[in-house]
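Data first, discussion second: the structure below is written as structure tokens.
Order of writing sets the chain letters: A, B, C and D. Residues in each chain are counted from 1.
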Amino acid sequence: MIVEMQKGAEYRFVLQVLEKIKELGFKYQVNLGEERTVVAILGANTNYLDTQIFGVMDYVEEVKKISKPYKLASRDFKKEDTVVKIGDIEIGSNKVVVMAGPCSVESKEQILASAFAVKKAGGTVLRGGAFKPRTSPFAFQGLGEEGLKLLALAKKEIGLLIATEVMAPEDVSLVAEYADIIQIGTRNMQNYKLLEAVGKCGKTIILKRGMSATIEEWLCASDYILKEQNNGEGVILCERGIRTFETATRSTLDISAVPVVKRVSHLPIIIDPSHAAGDFRYVSSLAKAGIAGGADGLLIEIHPNPKKALSDGAQSLTFSDFSKLMEELKSIASAVGRNI
Amino acid sequence: MIVEMQKGAEYRFVLQVLEKIKELGFKYQVNLGEERTVVAILGANTNYLDTQIFGVMDYVEEVKKISKPYKLASRDFKKEDTVVKIGDIEIGSNKVVVMAGPCSVESKEQILASAFAVKKAGGTVLRGGAFKPRTSPFAFQGLGEEGLKLLALAKKEIGLLIATEVMAPEDVSLVAEYADIIQIGTRNMQNYKLLEAVGKCGKTIILKRGMSATIEEWLCASDYILKEQNNGEGVILCERGIRTFETATRSTLDISAVPVVKRVSHLPIIIDPSHAAGDFRYVSSLAKAGIAGGADGLLIEIHPNPKKALSDGAQSLTFSDFSKLMEELKSIASAVGRNI
Amino acid sequence: MIVEMQKGAEYRFVLQVLEKIKELGFKYQVNLGEERTVVAILGANTNYLDTQIFGVMDYVEEVKKISKPYKLASRDFKKEDTVVKIGDIEIGSNKVVVMAGPCSVESKEQILASAFAVKKAGGTVLRGGAFKPRTSPFAFQGLGEEGLKLLALAKKEIGLLIATEVMAPEDVSLVAEYADIIQIGTRNMQNYKLLEAVGKCGKTIILKRGMSATIEEWLCASDYILKEQNNGEGVILCERGIRTFETATRSTLDISAVPVVKRVSHLPIIIDPSHAAGDFRYVSSLAKAGIAGGADGLLIEIHPNPKKALSDGAQSLTFSDFSKLMEELKSIASAVGRNI
Amino acid sequence: MIVEMQKGAEYRFVLQVLEKIKELGFKYQVNLGEERTVVAILGANTNYLDTQIFGVMDYVEEVKKISKPYKLASRDFKKEDTVVKIGDIEIGSNKVVVMAGPCSVESKEQILASAFAVKKAGGTVLRGGAFKPRTSPFAFQGLGEEGLKLLALAKKEIGLLIATEVMAPEDVSLVAEYADIIQIGTRNMQNYKLLEAVGKCGKTIILKRGMSATIEEWLCASDYILKEQNNGEGVILCERGIRTFETATRSTLDISAVPVVKRVSHLPIIIDPSHAAGDFRYVSSLAKAGIAGGADGLLIEIHPNPKKALSDGAQSLTFSDFSKLMEELKSIASAVGRNI
């Protein structure tokens, strides 16, 4: 249930609403919009609440039941686009943000070289996996904390934000020490304990779409994170391809997710063309399509020597291909009224 | 099986190869490339042929068995991009071609107004359905020949090429009298009798991807048309969304099909964002993504009054939205080194 | 729109309703049920009809608009299960019908041996393809009329009904000369011209589900056939697997289609485990599941020598495996209160 | 890599192999089969190992690299069917095991009534959710430990084994105190930390297939559990429907998974018709198909009053429908040479 306050309602009237919600045993989240304040009432049984309880209160403009299963991620709760801020960097604003780096952190040389290539080409975030989810338990699982330290070193030496994946609630505080942005991978999109844990850690979260999740389920999953956050940290959605019958690419990039998410949600959305395609030969085309289609950024895999990568080499760009792509992306961004 | 002649081999040596193929009871198709001539040997049992039969002939460079199930559509048979020419218009060249119009031809006023809007905004082909495939036999099935006549009138009055769908072999000659480009719809992608019939009619064919066809099956279907054609008429592939579990859009536009097709086939590929999305609010985003991703053109539904359309109104753009989109597309095309 | 007559209404009152429908420019189909007569009003614009036009007529019990897109296949139009009768054979009754035979008719020896094996094991219909839809135009396309003649010979010699596929409207009358049951293959489920053509040919039709068709679309397709038929010829639905992301089997047999179809439609439904699995090792398991789940019959591929089959050998059972399966099926049928 | 010992090789020779594996820095798992002992060598880099290292050792019969990504779940590692034993109960043997109960434990009355109904009809395991994964964070999340206590009470009063889901590694030890069988839900199939945690807890695990997991990925996930287990606890696979385009049922039960799993793996497999269908009207048909197709058991939702269930009421059977189904299942089981 959503309670919209009147334009210019003083905060003490908002407080009366919040008191009433607590009294009834529910939780809430407040969106202090530019125009008006909106309060979401949260809990399993809000369906049984009578809208009139709040409708009669002072300075309440409107009370509505939301039929969408997601609430905090919806435009009903927050009309304006969310711009996630991390230091100077904004995600979801006019500037398109490019995050790039190797699938797995493998060595000091590899990560420093990658960071330098990202920086030089105009990227703003270094991505790299320290904890890797692998289909087989007997495949390479990442360097763990050692990998995080190498990312921190690259951050210090080169000057980029760090994005890396976390796979288990017990690792969240460790990863949060090193990372600026924490990724939730596609296999964990509905690992609710993990979503709640990262929601509490104070960092920006990239929530990758589950391989077979509908857009609606994805936004519901984002609610698990958003309900733990205060304003300002934020969630970035990342479309990375869905599972379909087509096998020419590893997944099918659902490019339509960009305009759909933009319409129903206020959250920023980025595209991961590398995991979607699973083949470096298609990455540039998908990256350009993503930006032209309205995405707020990209997550791209690059590697100093893709053929020798310990994981996902086939989908990584070389540094020179990445650099060439960045030039093309700048033109595309400009064609849609944005910049990189 | 593919027989590549040596560079500069005289045509009489090619003829020797063709004679041998006929003698053995097979069919063939010849690609007179700029650099060298390539001959495809066609038939159910080419696997049993010994490559040496041709390998020992004069001026034969190489003979290879093709493991891909499609032959004529493959880059192995024809290395250079196919540019389909219809009068002055080229499809598959540097110029991006926009085809637009209503789903169904409904009346003289509607089709003339649409044609004018297409022309004014910079489109080159008017699309409109006279024969409509409908899921239910009790839904509106199109105006038939009356619709074709209205398209012809619009062509004459406004000056655009005409593209329209044909659904049955017995209608092909009628439709070919009026249309410059004939569409095979998604439901008929594997209607082999129809494919062979349009292959013989001397017109350019748009082959829409089957809703659940893999890219490989789609290219195989194009072989059914190509094997009936002489050089120069050509086939245009059209990605229009595949069926997946996601229901936020009617189909899932498989944007990756663009770079995949460009890699394995020489045929031009266009995008139909209207049928993919099934919702006019997403069409512009997908159209821009398509061109940025490398597509050679677009097939877009527009309607003077989408709310009153007899079919597919929800996915049609108004004239003014279409005109605005065209301006944006020009910038995108220019950003990827092309023009509209 | 559906007009239900009162119980025991004389036929002259039904005629009044039919007259009115014709007068208004619509078509109709009549179901003379055991309890009461039901009339379906057919046409693109029945939505604009006022139910009261018929509601006030004598002996009309109820008039309802049907929101389902299929009408003639629905239980709203016909409450009782349809039992398709061909001579002595009933499909959709208590007896489970097994149709078996080779994918393609290859030779006299092959088809006679197959027919004998089917008969001996207790099957009632011989299936065999004379016209084969093939993904590639260069694959074996079937023996054509020669194949039909061999089927006719097997029918005469061994005494089984004949089921075979037709792929184009112009072949329907030829195939109908030889076949008792005509199959529409998965690729042609939405080839509407073909559906109408077979609807008129006076034979029973097996309508295979399109590889990516929803159950609703499948029933709509059956309406294209049913609207051309008089009572008594009938349509048999055949579930043959749908296209999903799983590649361990060629298609995914949608076993749930059996109870779903049984609930919403009156038509009989059979299962094709051979095409679904694409692997003979899984056929027995799926066949048994199909009968236990409530299917009215099976369509199974067998071959005297699967390894040498010209098409689909990998999914064909040997005669001895088929015979063993039939014994198991008899027990299963009996466990669900039916017989074979 | 798999090391097969010779028939009758004494255990001290096996020990030599194990020593060598440890020395090389790898882990192993031993299968003491009836005929011969097989050792699996586990780790990320077994590909780099030379098979000759073990091939030359005493009483080693054969050393092979396994190309399948799953190892411990494969028939290469263990030829004979695994029969999971919990007290007197066997899963994977000739007896078909029926597990039934409500989706969520709601109250003492509800769970005792359900347990009694399960017992009376011939079921052997009571299922019930205490921790519920829910798409929206604002939906009912289960009673938690209170629910576990109610399950324990039902076990004591009625005498059934208890199966319940666990969602987070930190809850595993708590749940293991109460449950005989621990379920991993579809959303957590690739929550690797959770798989490892339950692998260590000493209980039998039901691993549900991920909604969009291939059979191969599912078996890989089972390896995460199996590698932590000693012999005897075991893993039971549960097919619960996959995500496809069809919306007539909530998921599409992949019945083919039964024969496929039986061929490539030694693990038992059961079917969950309730979650697959999402509709009680289809549950009986799917349950019967499952047993006829070769499944080792069923997981069925029942509820004393489905319309009032706090979750998933639409898919729950009433007690009387369940009891009727059990009678039919007994006939089916007997038809395929098994019993319930």
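Heads up, the rule we're going with is that a residue touches a chain if its C-beta (ideal position, glycine included) is under 8 Å from a C-beta of that chain, and two chains touch if they have at least 3 such contacts.
Note that the coordinates shown come from a computational prediction; the quantities given were computed from them, not determined experimentally.
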item	value
Chain D and chain C - chains in contact with each	A, B
Pair with more cross-chain C-beta pairs in contact, given A-C and A-B	A-B
Farthest-lying chain, centroid of Cα atoms versus that of chain B	D
Mean-CA-position distance for chain D and chain A (Å)	33
Distance between chain centroids, defined by C-alpha means - chain A, chain C (Å)	49
Averaged-CA centre spacing for the pair chain B and chain A, given as whole angstrom	37
Multi-chain contact sites of chain B, meaning residues that touch two or more partners	212, 243-245, 247
Chain C - residues contacting chain D, complex	212, 214-216, 242, 244-249, 252-260, 262-263, 276-277, 281-282, 284-286, 288-294, 328, 331-332, 334-336
In the complex, chain D residues that touch chain A	42-44, 46, 69-71, 133-141, 167-170, 187-188, 190-194, 210-212, 217, 220-221, 223-224, 227, 243
Interface residues, chain D side, partner chain B - complex	212, 243-245, 247
